[in-house]
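First chain written, first letter: the chains are A, B and C, and each begins at residue 1.
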Amino acid sequence: MRGIDELLREHPFFAGLDDDTLALIAGCAANRRIHEGDFLYREGDEAGTFFVIRHGRVALEAAQRAGGSLVVETVEDGEVLGWSWLVPPHRWMFDARAVVATSAVVFDGACLRTKCDQDPQLGYALLQRVAQVMLTRLQGARVRLLDLYAVPDASKR
Amino acid sequence: MVSADSQDARDFRVVGRRRDTRDTTTLVLEPLDRAPFTFAPGQFTMLGRVGLGEVPISICGDPAEPELQHTIRDVGGVTHALVDVPVGDALEVRGPYGTGWQVEDGRGGDVVLVAGGIGLAPLRPAVLSLLADRASYGRVVLLYGARSPADQLYSPELVAWRAQGLEVETIVDQGDDRWAGRVGLVTRLIPRLEVDPARTLALVCGPETMMRYVTVALTDLGVAAERIRLSMERSMKCGVGLCGHCQLRELFVCVDGPVLDAATLAPLLAVREA
Amino acid sequence: MALEQAAVIDVAGLRLLIDVLRADGWAVIGPTVQDGVIGQAEIQSVDDLPRGVGDEQDGAFYRLRARDDAAYFGYVLGPQSWKSLLFPSRELVRRARPGDGPATPPEHDPELRPLALFGVRSCDLQAIAVHDRVLTSRVAVDSHYAARREGTFIVAVTCADPAGTCFCASMGTGPEPTEGFDLALTELLDDRGHRFLVRPGTDKGVAVLELLPSQTVQGADRAAAAAVVESATGHMGRELDTSQLRDLLYSNPDHPQWDDVASRCLACSNCTLVCPTCFCTSVEDATSLVDGTSDRWRVWDSCFTSDFSYVHGGSVRGTTKSRYRQWATHKLATWWDQFGTSGCVGCGRCITWCPAAIDLTAEVAALRVTPSADTLTAPTPQED
């Protein structure tokens, strides 16, 4: 049975962090398996967790009035999900559903925050990594807003 | 090279049609004169009919097959008519015109094809020609981004291509709960590529803005700009460098392109409204 | 052709030249006064030429005037170049009749006579050479232009009296025709009489010249002809500094002068209509409601129109600024990369016929001025 810190060492998000640091934050985390179709969290729930996806795929989706949901993003192997542990409001905006059986290391947000308060170096290192992910997601979302694949409406110019 | 007259056309009959998506149809055409139609992957024809008009459309068929295939999207007057042309009707074809992907330049290395939306259609002949000579290439990866699952082209073929040795990664801008694949921007797939950038040839086709972002992501990965090829689109009335409409500074997109490398294009695309 | 084959003819000889060409089956198209300008029309005899007529030209200004001599060629250019004849603004390229099978190119009209272009100025001659390169020497050929061009006889004329918008000397395209003609005339009016030094440029030209009564060229004739050229070269209305012009235009896409000219340019496309080297076209399909015949016409188009660069989603060049920049850059710079020659022959028509009097030579001069730092900053929004 491998320790959490070993699982973290394998994951790209934590690249560059030394073993002592990983051992420190591993205390805030547990390994979880999520069945296909199960939800990691639901829209509106209080958000206090940070998910490090090891294997599988999670869909972030918004339920529609007419039934069904629209998926706005998927997160998979080697990626991370959730930053509401870091900044308020600590509330989920979307549903997160496991599209396939998924394994993840799940961090308790309050625990991680406390450790960052005590060790600003750790806090800065984690913040840099989170900012990198947010930048990529934000740019991807913005470009998708351009709706480039749609037939453009010339009258909008 | 024999200079052709700018208006030389051949008559083709529609022998098959298939509705791909809500606004896209594939036509299968055979020449009335029965002479084979040969083309290089990446080339286009001027497709239409006297009285209707004509438009430049990339060829999406198999270069090893004698018939001509075009995937057409309804975006204007002529294409609106073309997507409804019934089997048995005749159309005029001028061409093939333009430069091709020259995918064989990727032999001995890895090839990455990045398609956005209907951009998969001009890349399809390159895929087929790659698969026909699979052993000459290293890793061959297709990254395909579409607006939604319903907007994907050639879905059954993607499965077949995987079986023939093409790695296919698909992603959509927006999914629904019946879609178990990836949702996000196609550039998300590029940092995950496991290819040797020093020996990679990249072929990119899609909306121009998307191609710009993809080019940045590929160069960030380490692929040389000279080894990234884009298929450009401009207004075309003749397809043979005479009407002047398709000019991108000194380049005639119909003759010097449509396939052009990112190093050549970079200074030209950097000027707004060039 | 060596100057040794040149000869001198008088006014009677000029008359005979036109008669000989007509008798030989050519439609002689030459300059005539029409609607207050020098236009082009079929001429029946030397009497149709604008004898004693001169012209004054400037930005958005054109007037004919009476000369105080009887020169037949004492003006320069009207609004129409020879493009109107060799590369007409509307050309039928294909026709389909219902029930008749596929569309075909139009049948050749047997009544059509070959053209003799009479009175072609050196700048226009160079423009024809540019069109030859653009339309007949590349991947695809405009076969209509090629056919018309092959049968054409050209009588060129040296300019003696350049107009206010001429700048062929700057472009190296005149005022004396040097190649591309069958015959070239320099009109001489002095105390030795009203005569023409005629230089043949081809065997066809030699053959026609031999049919005319002529005199050998004397030293005084040669000197007089040289003086005409020297005087004309020194009396150009405009100048264009062509040094490093390609690099200047390629490296200044954001020069503030483009905004300045855009505030004056109406995008009316007059310049492209009168320019002898512009070649852009579009295609129009028309179906008759009467008998269902479908025609495809090739028509002149202009990069100044708002939908010239339209692809689904909108035009690439939506602003007048981008279109003026495109035209000027193409004409003076890009042409070199595409065709190995300048696109501008210094005829000055674009200056004369621009309703806003935009002067290409002045715009280029302004581009050579490095913008001051102030002009490069964006204006700050005004608080209301």
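By definition in this document, a residue touches a chain if its C-beta (ideal position, glycine included) is under 8 Å from a C-beta of that chain, and two chains touch if they have at least 3 such contacts.
Bear in mind that the values here come from a model prediction, so they are computed numbers and not experimental data.
Central chain (C-alpha centroid nearest the global protein C-alpha centroid): B.
The chain pair A-B and the chain pair B-C differ in C-beta contact count, and the higher one is B-C. The distance from the centre of chain A to the centre of chain C, each centre being the mean of the chain's C-alpha atoms, comes to 67 Å.
Mean C-alpha positions place chain A and chain B at a centre distance of 35 Å. Chain C has its Cα centroid 40 Å from the Cα centroid of chain B.
Among the residues of chain B, those touching two or more other chains are numbered 75.
Counting only residues that touch two or more partner chains, chain A has 151.
The set of chain C residues touching two or more other chains comprises 310, 312, 318. Residues 310, 312-314, 318 of chain C are the ones that touch chain A when the two sit in their complex. The touching residues of chain B, when paired with chain A in their complex, are 23, 73-75, 116-118, 145-147, 151, 173-185, 187-188, 192, 206-207, 209-210, 213. Interface of chain A with chain C (complex): residues 151-154, 157. If you check the complex, the residues on chain B that touch chain C are 1, 3-7, 9, 11, 32, 49-54, 75-76, 90, 92, 233-235, 237-238, 240-245, 247, 249-250, 252, 255, 271-274. The part of chain A that touches chain B in the complex is made up of residues 57, 59-61, 68-74, 76, 78, 97, 99-100, 136, 139-141, 143-144, 146-151.
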